[in-house]
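A short worksheet on the structure shown next.
Chains here go by letter, A, B and C, matching the order in which they are written, and residues are numbered from 1 within each.
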Amino acid sequence: MSDHSKTDVVVHDGSDPLSVGEKDLDRFPNPGLPEHKHRLSDESEAGAKRVERQIVILFVLSLLASIGGVVGYFVFPLDATLGSVRASTLSIGLGLGVGMLGIGVAAVHWAKALMSDVEQVDERHAQRSDDATRADAIQALKDGADDSRIARRPVLKGALVSAVAVAPLAFVVPLVGNLGGDWNVRKFRYTMWGPGVRLARDPDGGLIRPEQVTIGSVWHVIPDGLLGSEHMLEEKAKAVVLMVRMNPSELTEAPERADWSWDGIVAYSKVCTHVGCPVALYEQQTHHLLCPCHQSTFDVSDGAKVVFGPAKRALPQLPITVDDEGYLVAQSDFHEMVGPSTWERERYSDLPVSDEEKAH
Amino acid sequence: MSTTTPLAKAAGGTADFFDTRVGAGKMVKEFARKVFPDHWSFLLGEIALYSFVVLLLTGTFLTMFFVPSMTEVHYPEDALPVAMRGVEMSEAFASTLNMSFHVRGGLLMRQIHHWAALLFMASIVTHMMRVFFTGAFRKPRELNWVVGFTILILGLAAGFTGYSLPDDVLSGNGLRITDGVVKSIPVIGSYMSFMIFGGEFPGTEIIPRLFTAHILLVPALILALIAVHLVLIVVHKHTQYPGPGRSNRNVVGYPLFPVYVAKAGGFFFVVFGVLAIMGATLAINSVWAYGPYDPSPVGAGAQPDWYMLFLEGSLRLMPGAPEFVIAGYTLSLNVLIPAVVVPGVLFTALAVYPFLEAWATGDKREHHVLDRPRNVPTRTGVGVAILTAFIILVLAGSNDILATHFNLSINSITWVFRFLFFAGPVIAFIVTKRLCLALQRRDRELVLHGHETGRVVRFASGEYIEVHQPLTDHERWLLVGHEPVRPLEIGPGENERGVARPAYKKAVRRSKVSNFFFADRVEPVTPSELAASHGHGEHDEIESAESNEGLLTNASTRG
Amino acid sequence: MVKALASARRHRFAPVVLMLFALLAVGGIYAVAAPQAAVADSASQDDVTEGEKLFQANCASCHGPSAEGRTDVAPSLIGVGAASVHFQVSTGRMPMAANAPQAPEKGVQFSTEQTAQLAAYVASLAPGPAIPDAEQVDPALGDAANGMLVFRTNCAMCHNAVGAGGALSEGKYAPSLFNSTPTEIYEAMLTGPQSMPVFNDENITPEAKRDVIAYLMEQRADDSSPGGANLGAIGPVSEGMWVWIIGMGALIGASVWIGAKSS
C-alpha cells in the first residue's frame, strides 16, 4: 500500500480514522484500477468528428425549439376559446422543454463520448484535525475564556443567560398574540341556528317546506339569512346541515329526541366529527352517510351514530319543526358543539345558548 | 505573449480582476479539477436540486400574477372558463384562473411548477433511499443525513403551503382537515386553530399567511440547508461504490471541470426539459374543476398531493373508538395517534437511524466506500420495512381510488391495510433479510468456485465435471472487498473482585441491538478459504490459462 | 378404423366426450329454437299492453306481478314513473343480473320501443316522474356556471368534481358520468336510482337540472382540458402516480444513461 504519511492524521492513540480493516492480514489485496477502455472517439479522429457532429445537431435542435417557443408566445394569443389556451401552452411549453432538453443531452453526450474519460484519483484526508491542531484550538478557546474573565463568575453567567433568554419574548409575544384574532374559542360552540331560524337551500337560499322533501331525497341546507351576512364563510363552516327524509318506520329515535324530527325528516350537522370535512355522501337505500375524506360512516336512521371509520361521535342533530307559515325551521341551535372534537368541547355543551353570546 | 488571442486576454483580465480582490486563484486551484466519483445513482440528489431550481424560477413567474388575498370578488361574466362566469370567489382563486386563462404561458408555468413540486419530493425520497441502502449516512456524514432529512420535512411544508394557495375546494378541505387535527391537540388545540387562521375557520388570513410561508420562509430555509448539504459534500468528498482501485483513502472519478460541469450542468437542462414537456402536455391541478373554496361542497377523490398521502392513509386507517372524555376534557387519540404519533415514530426512526446503527456497531472510523445492500442485511431489511409502512399508508390514503378502479369495497380495503400496516413491515423485513443473506451466499459461491461455463468435461477416469471459470482479481474484488461487521462483545458482568460493573446493563442492551444487526451474517471469502476450496481436488477448477485455452480450442473444433 | 372406434367406446374419457356432445346439442337447439323477444310494431300496438307483457316476462319475478315489489328482493315500482323505468332499462341496469345494492350499467337488453312500452306500463300504474323532453335536457339552454354551483353542492361528493365517479361504502360506487346522455342525467337526478338520493324538482328545479347537464357537457368538449391530457380527472392520486412513472422514470433512465460508459 502507498505511503499515507502526508494524508494521515496524527492521533495520539495511534488510531487511523480512514482505515477499514486494512490491518487484517487474511484479506484479498485491492487489485488497483482496471485498464482504461478506449471509446470510438479516442481511437480515431473520424470517430471524434462524428461525435462532434452529433453534439452540434443537438445544440441546433435546441436552438430551433427555443426559438419556436418564443414564436409560439407571439403567434398564439389567448382568446375566448379553450383551444387557444391549449395551443399557447403547448407551443411555449414544448419549445422550452425541447430547448432545454437539447442542451442537456448535448452536454451529457459531449461529456460521455468526447471528453477525456481517464479516471483520476484524489487522496482523501481524515476529517479529524490532528492532535497538534486540536491542542492549538483548545488553547485558543482557553485563552479566550481567560481574556473574558468569566471564570468563577456564576452570577454574570446567570444574568447573561436570563437576559438573552427573555429578550426575544418582546418580539415573539406581540407576533403570536396578534395572530389569533380575538382568541375567543367559545365561538366554536355557537352557530347561526337558533329558535325559528328557517332552513334554506344551499347554495341559493330558497326556503323549504316539508312537502317538498320527498322520501329518499337529500337537501343541503344553510340557515336563512346566511347569504350576504358578515363572516359568511365562517358561519357556513359551522352551520351546514344535511336533511333527508325517510319512512318514519325506518327511523330509530332516542326518546328525548322524538320531537327533533318532522314526519321522517331529520337534519344533521354536515361537519364531520372526525376532522371536519363536509360529510355528504348519502346512500339512499342503506341510510348511511359517508364522509369522503377518511370514510367515517354515519347511520342517519339511527341518530347518525358512527358505524365505520375514524370518527367517534355521532353527528350533532339539528332539532327541526315547522313554523306557522309552513316552512321548516330549527327549534334551537345544536345541543352540542359541531365538528371535530376539541379539548374543552364537553365543557361548552352546558353553556346557555343566548343571543348575547352569539352576537360577536 | 504576442500570440495570445483576444479571448485569452479577456479571460486573463477577468481572472486577474477576481484573484486580486477575493483570492479566486486559490479556489479555482482547489476546485476546478476536484474528483467526483461517477455513478448514475449519484444523480438522484441532483434531480431534487434541479427541480428545486425549476420551482424557484417558475414560482417567481407565478408570484407576478398571483394575488394572495381572500377578499371576495365576482369572476367576469365573459371570461374563460365558462363554468366560473359570475361566480363569487376569493381573489386568490380568481388570480389563479386569470393566470391560467389570460396570461400566455401562465398555465404552463403553473403546471411545470406543480409537476416540479411532485418530482422534488419523489426525487428526495429516491435519493434518501439510495443514501440509506448504501450506508452513505455513516460517519462523517450523519450530520448531512440530518440536514437532508430536514429538507425532506421542509419540502412537505413547501408543497402543502403551495397547493393550498389557489384556495380551491380540494385544498381548502385539506386546510379544514388540518384545522380539525390541530383542534384535537390537548389544552392548546383550539387556540392553535385560532392562531393559524386568525380566528374561526376559514377566516381571511390563512392564504396570505401561507403565501408568506411558501415564498419566503420555507424556501429560504430550504436554500440555506441545500447550501449546507452541498458544502458538506465538498468537505467530506463524495462517497464511492466499492470497486478495483477504490478504497477508503481515495476518490476515483472524473474532474469537476470539464466532465461534471458538462454532466451535472447538462443534467439540469435535462430535468428542466422533462418538467417543461410534462407541464406542456399533462394537465395537473386544474383548480377550475374543483371550484373556489366553500365550506359546503366536497369532491370524491379528496386527497392531498402524493407526498402527504401517508398522513391521509394514517387518518383513514385509524379506528374511531379511542376518543375519551376525562373529567370533562376530550382526548382524541383517534386523531392524535394517526396524525402525530405514527408519522412522528416513522420520521424519528428515519432521522436517528445513523446514530442507532453507529451505536450498534461501535464503529468510530470514517466510511467513504458505500455498502452493497446485500452486505448489510439487517439495515436493508429495516429500510424496506419502513418503506413498506409508508407505502401501505400511501395506498390506504388512496383507498377510494383503489376501490373504484379495482371494484373492491372501501371497507374491506381499510381492514386489509389495518392488518398489513403491522404485518407488512415485519414480513418485508424477514423476506428482505433472507434475500440479502442468500445473495451474499451466492457471492461466496461465485468466489469460491468461479463462473459456471456450462462446459462439461469428462475425464479418462469416467468422472464428469463442469468447468468453472475462476474470477479475475478485478471481478473478485467487488465480492470480497467489504469488511465483515461482527456484533459487539461485552465484557463480564463483574470485575476481577466480583464487583458489578456499572455500565453492564447498558452494555447488555447495546450488545442485544448489535446482535440484532450483525449476528446473522455471511462473511466475505478470505484468501485462505479460497485456497482451502482448491484443495478439494485438482479437477474442481481448471486453473491454468493454457488449459483454458486448450479447452476453448477443442470446443470450437467440436463445433 | 372401426376397431379404433370400438376400443374408444370403452375409453375412460368416453363419458366426458358424450357429455360434451350432449351439451353442445342442447345449446345449439336452444340457440335456434328459443323464443325471440317480442318485437313491437310501433305504429298500432297499445304500448301499455305490450309493456305489461314485457314486464310480466322480464320484471315480475323480482318486482312482483303487479309491480308491488317483494320484500328484500326488489322495491315497488308503483309511482316511480316512466322516467325511472326509462333510466334503468335504457342504461342496461335493469334487468339486474344479481340482486345487490349496486346496479351496474351493462348491456342494454331492450330496444328503444320496448323500453318505452315498459315505461308506459309502469307510468300507468300511478302518477310519477315523466321522461323529460328534448328541450328540458338541451345543454345549450343551460347555464354551466350555475350548473357547477349546483353540481358541486349536491353531486361532486359522490361523482367527483367533473363526474369521473367515486367510491361509496361496501363496494358500491357512484359511476362515471362521462358517457351518460343528458336524458339519463336528468332522469337519475329526478328518480334517485339505487343508492343515489332523489333530487326532486323542488330541490333542484328543472332549469337547475338543465344547468347541471350543461356543466357536465362542458366538461366533455374536445378541448375541455386546456392543460393537456387530463389523466382521467381523478385528482392528486393519479398525478402522484404519473410523476413517479413518467417523471422519475424518465429521469432515472437519463441518469443511467449519463452514468454509463460511452462506446
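Observations on the structure shown:
Here is the rule we go by: contacts are C-beta pairs under 8 Å (C-beta built on N, C-alpha and C of every residue); 3 or more make two chains touch, one makes a residue touch a chain.
Everything numeric here is computed off the predicted structure, so don't read it as measured data.
Just to note, of A-B and A-C, the chains joined by more C-beta pairs in contact are A-B.
Of all chains, the one whose Cα centroid sits at the greatest distance from that of chain C is B. Between the Cα centres of chain B and chain C there is a gap of 44 Å. Taking each chain's centre as the mean of its C-alpha atoms, chain A lies 18 Å from chain B. Centre-to-centre separation between chain A and chain C, using Cα means, comes to 37 Å.
Contact of a single residue of chain B with at least two other chains is seen at positions 100-101, 107, 111, 263, 266-267, 270-271, 274-275, 280-281, 294, 296-302, 399-400, 410-411. Taken residue by residue, chain C touches two or more other chains at 149, 153, 157-158, 166, 168-170, 174, 225-228, 254, 257-258, 260, whereas all remaining positions touch fewer. Counting partner chains per residue, chain A has residues 81-82, 85, 89-90, 108, 111-112, 117, 202-203, 220, 278, 280-281, 292, 295, 308 touching two or more of them. Put simply, chain B touches chain A in their complex at residues 33-35, 78, 80-81, 100-105, 107-108, 111-112, 140, 173, 176-177, 179-181, 183-191, 193-196, 198-203, 205, 235-237, 244-255, 258-260, 262-263, 265-277, 279-281, 294-302, 312, 315-323, 325, 328-332, 334-335, 338, 364-369, 399-400, 410-411, 414, 473-474, 476-477, 480-481, 483, 526-528. Those residues of chain C that touch chain A in the complex are listed here as 101, 149-150, 153-154, 157-158, 166, 168-170, 172, 174, 192, 194-200, 202-203, 221, 223-228, 254, 257-258, 260-263.
Touching chain C in their complex are the following residues of chain B: 38-44, 47, 82-87, 100-101, 107, 111, 114-115, 118-119, 122-123, 126, 169-170, 263, 266-267, 270-271, 274-275, 278, 280-286, 289-291, 294, 296-307, 309, 397-401, 403-404, 407-412.
The touching residues of chain C, when paired with chain B in their complex, are 144-145, 147-149, 152-153, 156-162, 164-171, 173-174, 215, 218-219, 225-231, 233-244, 246-248, 250-252, 254-260. Those residues of chain A lying in contact with chain B across their complex are 4, 7, 15-21, 24, 26-28, 30-34, 73, 76-78, 80-82, 85, 88-90, 92-94, 96-108, 110-112, 115-117, 119-124, 126-127, 176, 179-185, 187-188, 202-203, 220, 222, 231, 233-234, 236-238, 240, 270, 272, 274-278, 280-281, 292-296, 306, 308-313, 339-347.
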